[in-house]
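The two complexes that follow have chain A in common; it is paired with chain B in the first and with chain C in the second.
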Partner chain A sequence: MLFMGIDIGSRGAKGVVIEDNQIATAFIGDTGPESVKTSEMVRDNMLAKLGMDMSKITYTMATGYGRVLVPFAAENVSEISAHAKGAHWYFPSVRTILDMGGQDCKAINVNDKGQVTKFIMNDKCAGGTGRFLELIASVLGLRLEDIGQTSLESKKNFPFNTVCAVFAKSEAISLMKKGTPKSDILAGLHDAIAVRCYNLLKRVNIEKDFTITGGIAKNQGMVAKIKEKLGMEPVLAPDPQIMGALGASLFARERYMAKQNAAPAS
Partner chain B sequence: MEANYGYSDGSGDYFIIVDTDKCNGCGDCVTACPERVFEVAPDDYGKKVALVKESVASKVSYVCPGYKPCSANVETTCHTACKMGAISHTW
Partner chain C sequence: MTDTPKALEKIREVNAGFPYTDPIKKWKERGGKVVAWTCTYVPEEVIWAAGILPVRMTGDSHELELEDANAYLYINTCSFQRACLQMTLDKQYDFLDGYVSAATCDGSRRLADVWRNYIDNIPLVYVLTVPRKTTERAHQLYISEVKEMKQKLEEAFKVKITDDAMRQAIKLYNHTRAMLKELYEMRKKDKPPITGAEALEIVNAAFRMPRDEYNKLLEELLAELKDSKREVTGKVRLLISGSPLNNPDFIATIEREGAIVVTDELCMGTRYWWDTVDEKTYKDPLEAISRRYLNNFPCARMVPCDERFDRVLAMTREYRVEGMVAEIIRYCVPYAHDEPMLRERLEREGISVLELDLEYGVSGSGQIRTRAQAFIEMLLDKKGQS
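Then we have the complex of A and B:
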């Protein structure tokens, strides 16, 4: 049986199909202006890769910011529960998760069953999120994928005392004009974001194992800084960006099985 | 589950905390809160619990004045309404 999970984030749209407890296919695209169309695009890309139509998918669930706008999903779950379930599937020993998404950051504790025991999110400003890093990349004339690596080439952190997107942007522009190397600017910004994440994590229980999920977990410069602040080596999934969609597909399987068991035998 | 809704910003920590292990879903906080901060709905594991509305979580410090100022003006607050002691504030 196949189960589909769709994660419509603020920046990225992700999908996963699982079969026999394996990932059968996954897809990552951009969230467009219309969530419904975006979700259909993710679905259709995965079905095309599988060479199947929707009738083969037993149950579908959605998560993420746009989770209520996925018309073909039977149910939806919060990103927090979905990331916890996905992370637990990869690493049953994970107890602490930092989810770094397009527009917010979350710290989550998860138990040995993959259930959330504590969570905290920083729900207000863009500082330290994917959108913020995109903005900084464009100010510096770099590709988003390259800023993490560039930050690692820094000889000297430029200290930023703000990750407020507006202030950090203008500070980055004036530093560039003064000839400060891009790598130092980026190292400073990554450092400031890592401090912010650490402060968020301190409000939950920082326990081993620790993982980072979301698109920013692919940024090696960021992972290195967070590791430094926490003094803890994160375990990282092959693609941390699909964690929410994976979790949603696992929820789809669980909910479907529960319904089957609850239904009277015919 | 200890659910923390809100944010920290330059001026402080603004979180409303619901301990869903203590919460029985009675909904007394929903009617008590003058700012309509809470709702009761099933969580992702099927338990009916109080939660801070999604529309409120991103602006809690503007919707809720903080526990002390609220309790000075309101007879029954979310804390006093809740018999289970499931709700707390960081400010």
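Then we have the complex of A and C:
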């Protein structure tokens, strides 16, 4: 049986299909202005790769910011529970998750069953999120996927005392004009964001094992900084960005099975 | 859930006219005076005993643009106080004849300062000093403050506030408290007859109409609820605690995610009605009133904080609460600072806490929905019922 999870995030739209407890296919695209169309695009891409139609998918669940706008999903689940479920599937030993998304960061504690026991979300502010890194990449004229590597080339951290998107952007521009190397600017910004994440994590219980999920977990520079602040080596999934969608597909399987068990035998 | 009780529909009609509700309009048309209060440490009975209608000043039940208020109050004044000022600057409180505030937190003081300095177009603006302790010396100070407030009311409105009038006011207001308690008792059931959002609507109306008329509505409502089969279900039972909250939609947003709010620790809820005025012990009704207001279910601004925590914990047991939502308006210093200590005590009892840091007036933003949903999912996992 196949189960589908769709994660409509604020910046990225992700999908996963699982079969026999394996990832059958996955897809990552941009979240467009219309969540319904975006979710259909994710679904159609995955079905095309599988060479199947929707009738082969037993049960579908949605998560993420646009979770209520996925018309073909039977249910939805919060991205906090979905990330916990996905991370637990990869690493049953994980107890602490940092989810770094497009528009917010979340620190999550998870138990040995993959259930959330505590969580905290940052407040409504773009500082230190994926959107913020996109903004800085464009100011520095770099591709988003390159900024992490560039930050690692820094010889001297330029200290930023703010991750406010507005102030940090203007500070980055003035540093560029003064000739500060891009790598130093980026190292400083990554450092400031890592401090912010560390403070978020301190509000839950920081316990081993620790993982980072979400799109920003693909940024090696960021992972290195967080590791340094926390003094803890994160275990990382092959693609941490699909963790929410994976979790949703696992929830789809779980809920479907529960419904089957609850239904009277015919 | 069956039909809306008729009395609740009437309560909604009153609230719909906020801030200048129909009952207030009628009162004014009869030549009556209206005095606003903001903080629950202002004794309403004394105002009512002067033949004046006390109404509670609040912001609106949605987030306001606070541009004008920001010109007078620093933006690190909480958005509750700024929303009150914004509505005043928008001339929505022009029907007031007086304003009595309490120096209970800095936001409250500053709002009163701005009133006194810039909007002082009414006969009375008075700020009560309220001690933070409940020692005998503190009580004596507060009694003398309430006496002064009484004098100021008498001078400004050329009335005499008699002991008899105060005794009658005590009876009237205690009757409200007894009825609200009865309403909350019904919320202890497995399937309460009202939602948390509806309970807030009901208490909101208390601030917006003459007390005798409100009591009649409450009597009607209680009678209807006793006879009805109305049942509200929720997967988890929550308590909501924190800063001033008037917006029923905020609670409805949380309840739509599958929970039921069964009680609260809010000054628009239990902290408004919980304690009654002792009608027997004191000869002087003003002293009886004053002692009740200082001893009442405390705000986070009072010390020692354990008094409030003990009461919250007792309430979680009485109402079988499974999780607490801490609703904290940004820059609400008393609540923000007490919350970690309260959370620690609740977590020790196995009650999880969801902390929501927000602005006054908000309701169903995406981030609030996500947090509420995740919190409920977490509580259901804990019960083994996901």
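Definition applied: the second predicted complex is superposed on the first by the 266 of 266 C-alpha atoms of A that agree within 3 Å, B and C clash if a C-alpha of one lies under 4 Å from a C-alpha of the other, contacts with A are read in each partner's own complex, and residues count from 1 in each chain.
The rule is short, and it goes like this: contacts are C-beta pairs under 8 Å (C-beta built on N, C-alpha and C of every residue); 3 or more make two chains touch, one makes a residue touch a chain.
Keep in mind it's a predicted model, so treat the numbers as computed, not measured.
J.: Would chain B and chain C fit next to each other on chain A once aligned, or clash?
T.: By the criteria stated at the top, chain C and chain B clash after superposition.
J.: So, does A:T117 touch the first partner chain B, the second partner chain C, both, or neither?
T.: Both partners.
J.: Now for A:T31: first (chain B), second (chain C), both, or neither, which partner does it touch?
T.: neither
J.: A:E79 in the overlay: touching chain B, chain C, both, or neither? Say first, second, both or neither.
T.: second
J.: A:N219 contacts which: chain B (first), chain C (second), both, neither?
T.: After superposing on A, A:N219 lies clear of both chain B and chain C.
J.: A:S249 contacts which: chain B (first), chain C (second), both, neither?
T.: neither
J.: Output check: A:N157 vs chain B and chain C. Expected answer is one of first, second, both, neither. What do you get?
T.: Touch partners of A:N157: none, neither chain B nor chain C.
J.: Where on chain A do the contacts from chain B and from chain C line up?
T.: Overlap of chain B and chain C footprints on chain A: residues 77-78, 81, 115-121, 123-124.
J.: Per the contact definition, I'd like the list of chain B residues that touch chain A in the complex.
T.: Result: residues 1-10, 15, 43-45, 57-59 of chain B touch chain A.
J.: What does chain C use to touch chain A in their complex?
T.: It is residues 352, 355, 357, 365-367, 370-371, 373-374, 377-378, 381-382, 386 of chain C that touch chain A.
J.: Considering only the defined contacts, which chain A positions touch chain C in the complex?
T.: It comes out as residues 65, 77-81, 104, 113, 115-121, 123-124.
J.: Which residues of chain A touch chain B in their complex?
T.: Residue positions touching the partner: 77-78, 81, 115-125, 164, 199-200, 203, 251.
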